[in-house]
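Next, two complexes with subunit A in common: one pairs it with subunit B, the other with subunit C.
Moving on, here comes the complex of A and B:
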């Protein structure tokens, strides 16, 4: 992060810029090593660990969706897990209905993205065009999530079905009839070839990792673009941003929909991973859990959020066998993290490393230019 | 200066304010204010603390909706138009409390202000132009909140110029500025005005108002109390009385 200072001052170029921590060659080298290790993980870890790692990757996509809307856009959504669930149900319902006729899940994944975006567009238009802000948006998104959860819990009756997919109430999505298929794994078909990514497989892990990388790089580009500046302006001062001529309602609606798309994608992956989706994701705890991942990492930086989500999810898994004590320990980690690093533990650590490297005595900053000349 | 006032009558109004009220509960910040701003003029608004001057600007730019009354800009009723549309029509504001993006650099602040009306490729050059106008060349990479108050005030003025406005509203642009800085601001105002931009300025500094040589309106209890040339206002006993009584 040596070049951090100079870049942080100017405008962003592509993936680097002042809106993200870590823009130097050093950062990207460390980043590439980290990625290589994660690609190599199946060689080092057990199958059981890989299955869990896949789920952790899916969580980090969900966390990035909240980082975008809250950390960069300044809109605290407490219903982020609901978009994840809507995406999950949409994938499952479309998948169950289409897998036999089409033999692939492309449309199901698309449904997992588009259906939550549709929800977000309606909810967001109502909120932002009536200029709802701050805590009102937080409460409304949470209430909508809880209502959706209430509805989905009472859908055990076979009446609640779309085609071959029954909602299944508390027990989650299932085939409507005896002969109907279950939630299909990710299946892609091209000409006579077809690839199936089963949630328990290494292929699924790699595919999810690729999606995490794409979403991460895409968002880094976005937040360092002109749109990213408008987002940050909205986060800092909505009225001031509007009095520079920006339609803040449209900016907020756009980012709300985009974040729902990303959350929906991660929900679709989750359903494909476990071949299962149930209404618990609509309740308070999962919605708050996403907020915790983001807060502990540092909500204003994408990289920090991804790292903290992975670490916290991993810790939660390790502690799972201890039951109630595990929750207590996780809670303790949170409180301590927030006390010592209110801007996020990972972000503050990253900034610290950046400062250490910048302080290191260097050769005259433009000596490399002379070498070239 | 008489001539300024005489020719003023015949000029077109860029802004017509008609019986505007803004009530905050029992507080009548604006209480039936009517005023005309003429195209191309420099118009000073003064009045004791709490007279409603800042509230007046907020209803003009659209961050506050008036309780009643009408605001007409270039002949069109903009009373119900959202702020960003008014800015699109050519209005621009510098708030009294600046409202800069403190955690961003000067360059990034200007980038946000410039981006709507400029291509990314042109922004570096425009930034230079604006910074040289406020005598802050080279300050691009400094963090906004580390600037002195006077410097922040100047950047705030530059940001209100960045959107290429037709009518610019400056709420106390010389507050906290040194004598030289105040002179600089007077030059900037004269300069943009020479290019046809209408400027409305809220001010307390009498020397500064005199140097602007424009039309003067006095607000008191949310109403237009007096108006005229600077000399007429300076000689007005009632204006002196409200200033001494309320200040």
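Moving on, here comes the complex of A and C:
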């Protein structure tokens, strides 16, 4: 039977399992075709569209980070964009300071991951070790994000600078002095070779696509591993998981930091893409957009979240010329999606296709009711 | 003489901060305590109240009537939201949070489309009084008085009216309340409307101290959320009073010693400290103490 063979094909490397939709050979064939189309996109689309597509790919990394902690870990962070922005600022600051001496941005990318993780470790330790959960975590992460935004807005004074990088307040991150470099593009150097990935180029698009695929496959492996089962146990019932002998505080803190790392990576890519990072990233709108992508896709499935992020970001781009309508429509999509498809439009559609293909009716793995303290 | 001015100045700031927190949080905490729903659109309900009051004022309606009118309009909006949307998300705390957040986005962007980003203003009434070198606006104390009035009114409603008794029954044990013939759905709708109306009244009051724009609510919600989180939902009124007294004290102190931003940060820190000591919020702590005292 097709179904049995298909389960075997991904099981060897642990990419398939009950925590993800799409475990069949059919799914992976469609997935590979989709990937091939995206690799070939620069042949079909204009340069402007490729630049936007790079940004959409960066957004889908951010969406996966929220999918991991909320959909799989049961921790709703309403301030996910703050880790994205911290990563962006860290990349920019490290990049401006190091690009001239080292000639590469490898350390800057590392900073874009490490700094949000450090921040998440402190915040998460305070929250999870005082056993806060549910709405408390959601509200606190949002308020922290808004406070960070408030702080970054008033940093126009030259006093707020780290080395050659000035925070710049509402003007966004900029070089401190006239002779200092701007935010560098992604630059890698190995021996005498060096590669520069400018945010406007096709190379940057392919690189981002590769990172999206790596993060996606890595997360699929993670959520279907034994750690993934612990995560889902935490999502379903914290007290029961603890009774089984697991340290729920450590599991929650670990996944919170991991998600901050992924969000930070996407923020670093964003800063490299636009050579620009601005305090508005900490405000309500970016934070709510991440939540919309994840909810509309289906927070309990990675593939659905990536698809919905791409679709919604594309809709937002198409609507951008009309101003306020764009965010209004995104808000409407969120509310309507929650009313008609609580498990996510894409995920429910995907589960429907899965049922059609498997002929015998299958139950979606994640259809049970959400339960929070 | 100047020392008196200084002392009064600190007391004035304390009551001003307390009024800010209490007014912006009272509707929110009522809804949270009753239904466990954190209404993320609360700031936008305040914004609708502020707009309603401003338009009513410029249409020649006297200020007190304009404020009451704002309360009625937002109350109706709240009832509509509850009937159409929030109703489907009871017992799903995080989903209700997200769906109301979506509503807040719709309200903000919708208002932006209808009225544009330009701010509207209402004059601040009552003028000022002075002690020594210090001059104080009277209206800020009126805000505090209104906050007190709303808290006492809420207490009286829950203590003395039949609606209050039914509502308490609906919180305590919804299934039992239903079995006794109480329409809990109607109670929830009315409570949501009442909480929204209080948000609208608060918004209308603040419209006379701040510029009214579609983003009006975002100035009030972060601190209101913090207040609700540390107050907890077990005993709405006691929780609110203690949380406001505590946070306003911290804020007054740090704003005077440092600056406005450090004031916000220290409120955040104070919230963490309070939650470390009392993970279920102040009201959960108070309730446990009371239960223990009754058992003795």
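We take it that the second predicted complex is superposed on the first by the 345 of 373 C-alpha atoms of A that agree within 3 Å, B and C clash if a C-alpha of one lies under 4 Å from a C-alpha of the other, contacts with A are read in each partner's own complex, and residues count from 1 in each chain.
One rule holds for everything that comes next: a residue touches a chain if its C-beta (ideal position, glycine included) is under 8 Å from a C-beta of that chain, and two chains touch if they have at least 3 such contacts.
These figures come from a predicted structure and were not determined experimentally.
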Have a look at where A:35 lands relative to subunit B and subunit C in the superposition and call it first, second, both or neither. neither
Between subunit B (first) and subunit C (second), which does A:110 come into contact with in this model arrangement: first, second, both, or neither? neither
Given the superposition on chain A, which partner contacts more residues in subunit A: subunit B or subunit C? C
With the two complexes superposed on chain A, say which partner A:15 touches: subunit B (first), subunit C (second), both, or neither. neither
For A:291, using the defined touch cut-off, is the partner it touches subunit B, subunit C, both, or neither? Pick first, second, both or neither. second
Have a look at where A:243 lands relative to subunit B and subunit C in the superposition and call it first, second, both or neither. first
I'd like to know which partner A:76 touches here: subunit B for first, subunit C for second, both or neither. second
So, A:335: does it touch subunit B (first), subunit C (second), both, or neither? second
Tell me the contact category for A:233 with respect to subunit B and subunit C: first, second, both or neither. first
Return the residues of subunit A at which the contacts from subunit B and from subunit C coincide. none
Complex interface listing, subunit B residues touching subunit A: 61-63, 82-84, 87-88, 92-93, 95, 99, 101-105, 107-108, 111-113, 115-117, 120, 123, 140-141, 159, 162-163
Quick one: in the complex, what on subunit C touches subunit A? 38, 85, 88-89, 92-95, 97-99, 101-106, 108-110, 112-113, 218, 222, 225-226, 228-229, 261, 264-265, 268, 271-272, 275-276, 279
Over in the complex, which subunit A residues touch subunit C? Could you list them? 70, 76, 78, 126, 130-132, 134-136, 138-140, 142-144, 146-147, 150-151, 154, 284-285, 288, 291-292, 295, 323-325, 327-328, 330-332, 334-335, 338-339, 342, 369-370, 372-373
Any idea which subunit A residues touch subunit B in the complex? 8-11, 18, 226, 229-230, 232-233, 236-237, 239-249
